[in-house]
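The first chain written gets the first letter, and so on, giving A, B, C and D; residue counts start at 1 in each chain.
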Amino acid sequence: MSEDYTAQELMVTAAAREIRDGELVFVGMRLPILAYGVARSSHAPSARALFELGLMRDAPAPAFLATMGDPPNVAGALWATRMSNVMALLAQGIVDLGFIGGAEVDRFGNLNTSYIGGAIRPATKLPGSGGGADIAILSRRWVALMSHERRRLVDRVSYVTSPGHGDGPGWRARMGLSGGGPTAIVTTMAVLRFPDEGGEAYLASVHPGHTVDEVLAETGWDLAVAPDVGVTPEPSQQELAEIRRLDPQGFWTGRR
Amino acid sequence: MSMAEAVDRFVPDGTQLAMGTCLEPAIPFAAGHEIIRQGRRGLTLIGPISDSLFDQLIGAGCAERVCAAWVGNVSEGLGHCYRRAAERGEPHPIEIRDHSNFSISLALWAAAWGAPYMPTRTLLGSDILTTNPDLELVDGSVRIRPVQPDVAVFHVQRSDPAGRAHAWGPLGITEEAGLAARRVIISCEELVEPEVILSDPNRILLPETKVVAVVHEPGGAHPSPLQGFWRRDHAAYRDYAARSRTAEGFSDWLEEWVLGVSDRAAYMAGASRAELAVQRHLLSVPVDYGDE
Amino acid sequence: MSMAEAVDRFVPDGTQLAMGTCLEPAIPFAAGHEIIRQGRRGLTLIGPISDSLFDQLIGAGCAERVCAAWVGNVSEGLGHCYRRAAERGEPHPIEIRDHSNFSISLALWAAAWGAPYMPTRTLLGSDILTTNPDLELVDGSVRIRPVQPDVAVFHVQRSDPAGRAHAWGPLGITEEAGLAARRVIISCEELVEPEVILSDPNRILLPETKVVAVVHEPGGAHPSPLQGFWRRDHAAYRDYAARSRTAEGFSDWLEEWVLGVSDRAAYMAGASRAELAVQRHLLSVPVDYGDE
Amino acid sequence: MSEDYTAQELMVTAAAREIRDGELVFVGMRLPILAYGVARSSHAPSARALFELGLMRDAPAPAFLATMGDPPNVAGALWATRMSNVMALLAQGIVDLGFIGGAEVDRFGNLNTSYIGGAIRPATKLPGSGGGADIAILSRRWVALMSHERRRLVDRVSYVTSPGHGDGPGWRARMGLSGGGPTAIVTTMAVLRFPDEGGEAYLASVHPGHTVDEVLAETGWDLAVAPDVGVTPEPSQQELAEIRRLDPQGFWTGRR
């Protein structure tokens, strides 16, 4: 890893590039809040952010946020309302992009944030869905953010909290899921993408300082590698400045 | 009414209790701590994301069931008491009825509107459907069974003595939880004259006929933030996360901040709490209810 | 944007149009009159109780379908144009999809939440079930089909140019109609700076992403009342009721107050309108969105 | 009719007596607004009023209301909200009493406010349900207000907008209606009541100036007469004063 930025900072800029200008983005917590700020400050100045507790914003809050409910995220909001009103936009299919953090993901992009080792007396009880399942099912497309570890990128998750592409292409349509599903998994080592028709993730780019072999070794299935697999772009100085403006202590980006 | 009296009178053992309905802000921690002090048992905890209040109630042995979308510590991660209860049955086993944020909201709206269930297309394809008996897949859509709390507790910015409360900031599932609940307990930062509240009837959260107790409890949401009054106490969440990693650490924390504390006024005493008070005030532009 | 441009661009023939969603107050009569002037045809009118706006649109031949709980004139009684259309097919037949107030609200919530239908226990035992094909009795409860307006038009007290609107007073089914609608047109008494609106984000009616047009239209709700701005013009409703008893009387009324009037500014000119302005102002006590 | 008060004023005071202290009352429009004011000013000082457009009040508005949405009804309200929130209280079975105006009522208290002469090309198209059907189905009990004419009090209505006791005792429970149904019909001539178990209306009292025979002649079915049929109490001076304070022009009470 370069000395100039952390793995989390690179994840933030990679996630920011997933946001297109003018989009309505279901932001959620942690790194996506920073990614939204980076995108707004560069290539997506007219994006809008939704927060499930009941907020819409244009500019990101000009202060550090430990949660989406911190008061600076409310002052200057474009809408402070009920969760069900925000979820209405998601359910209507007019939210372009959502972000979800995952504890465990599989080759089809299914996320488990509920139970490791079965729902009855689990080995690990994770916090649960929050809004993750809603975003995964209803947003037009979504992106997962993960720590890249072999125990977290598994062949098949044992419990699907937030469905990705199920068991392969066509699964979402068969099951009646209205949104398009995951398009990328941004990890601490790489960016994985999905084919347009859904299905199985493939390695699209490796972060600077990591190798394809290293990524494959830390992935729990036989990960396909894109013929044109490249290197994930590094954060620009401008992007890093925006990240550090929003998270001056490095609370979310590993500099604390 | 004091919080002790409100909890004593209206939160018996076995209550189905909605709290933390704004998600991260305005969490009624003072009410939760009083419930722990009074040793309640058999509660069903209903909410979206409790940001460590549910974890504390579970660790203290108050809860037998959790009906929620997420239980943990938002800035710090996992809920360690929740883990111990779910993984090892400590201090005792709990039943978990998983929801998503949207589905718990809809479950409350179903109860509020007297609907037999709420059909939705969220949760399709999620295993949450298979583990929560309150959810059923029928004809390609999900039916969510109504969730009706016996009691909902809200911490709001201001209320009058009759329970007409003004709450602002993101409201999460507060409105549907309050409408669905049989009874509502209001905990408020400021107790004000009815004239203040009635000057803005659109801001009144709920019909006063739902409210059974109004508790004037400054700082009642600490360590969660409250718009216009309190910043979030990130350090307190970090401290709780670190100490609650072990059952012993949790016991120590509980003794220090709950069991060994007489009430919220004692809890809020001290310079570190006062430093969290909001300094930059941002007043809304009034509206005109002129009528003649 | 002018009302003429908003209607021209966003309310084509055949639009499914929600209006009058606050029931008796804040009815967007100016928008309705412009729709009549532009000769729209084939509209579906969606609302709870229109207090004569729907009657006027029906009499002018704009509507082919009514999806509402009540069509008439609240202080005067029957809607005479509605009667002529339903009883004699004049000026042409209309299809009527009867609702109750609660059921039209739930139909809009179903659309807002992407639900396949909304189950309810209201309308059990009512013949409304038998005459509205959007309602179905299944397993002892009523399933209401979603109603999604193409366009909803609201007259509000103030908005900024981006469509962030503050509305107050009783809101009826405004929120669900706006959330369910594909597009929203805001007509406002005052066009204000964004700072005024953003000082109170809880009062913002809808996400700006739904709003396609903001029309600064003082008096746009006359003769209905608007809290803080206008008293109800009871005499205008009485006059309309008397003159609309016959098709000829309605034509004369329409020529005088709609077709022969260039726009709302011309309609509002004159002393009798000005006398309706609210004189007693009642300002709300501000709230504090302070954050740091 | 006495010279001292109008038939409508007597109806208002008769309706007011149906309101018990402490009750939550779904008021609606016209005469019930006045009845609520009279009840609050006399025997029901802690009643609460709901208005379906989204209001709760304690004291009645201190000004004339042509509609429930007139601005004086909003200033000083205890809650200004959405209709669906008010309907929630109705649906939960915690609204004690509702009032409904009817164009046509039958012996079982079923109301028709929709179609006279069939729903296809009706002889008369009435305005429709408004909130009437909701009140009739969901409130704990309700009271109808009617003009007493033979064409309006019919054996069976041809279209049930707002269901009363259907076809007799037990019908509501069989059909799954949660509320208790109508308990009284207050007309311009008389007060009709229903047995506790529902079923068919009977004549309970006749207004001063009218006779039992006159009421029977203006009723379209063989109306049962209570053994103890009495005379409806006249409005007191205090009640009339309250009515005339709230409706100084007699807009609703026939003095205009």
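Just so it is clear, contacts are C-beta pairs under 8 Å (C-beta built on N, C-alpha and C of every residue); 3 or more make two chains touch, one makes a residue touch a chain.
Note that the coordinates shown come from a computational prediction; the quantities given were computed from them, not determined experimentally.
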Subunit D and subunit B - chains in contact with each: C
Comparison of A-C and C-D (more C-beta pairs in contact): C-D
Centroid distance [mean C-alpha coordinates] between subunit C and subunit B, Å: 37
Euclidean distance of C-alpha centroids - subunit A vs subunit D, Å: 57
Distance between chain centroids, defined by C-alpha means - subunit C, subunit D (Å): 27
Cα-centroid distance, subunit A relative to subunit C, in whole angstrom: 41
Residues of subunit D touching at least two other chains: 55, 70-71, 74-75, 80-81, 84, 87, 91, 138, 178
Sites on subunit C at which at least two other chains make contact: 106, 113-115, 120-121, 140-141, 168-169, 171, 175, 202, 227-228, 231, 278, 282, 289-292
Chain contact graph, described as a line, ring, star, complete graph or other shape: other
Chain-chain contacts as defined at top: A-B, A-C, B-C, B-D, C-D
Sites on subunit D touched by subunit C in the complex: 29, 51-55, 66-71, 74-75, 80-84, 87, 90-91, 114, 119, 121-134, 136-138, 159-163, 166, 171-172, 175-178, 251
Of all residues in subunit C, those that touch subunit A in their complex: 112-115, 164, 175, 179, 198, 201-202, 204, 206-209, 289-292
Subunit C contact footprint on subunit A (complex, rising order): 24, 48, 55-56, 63, 70-72, 74-81, 84-85, 87-89, 91-94, 138, 178
Residues on subunit B engaged by subunit C in the complex (per definition of touch): 106, 113-121, 140-141, 157, 166, 168-169, 171, 196, 199-200, 202-203, 227-229, 231, 278-292
Complex interface listing, subunit B residues touching subunit A: 22-25, 48-49, 51, 68-72, 74-75, 77-79, 82-83, 85-87, 89, 96, 98-103, 105-106, 109, 120-128, 131, 140-141, 168-176, 224-228, 231-232, 234, 237, 278, 282
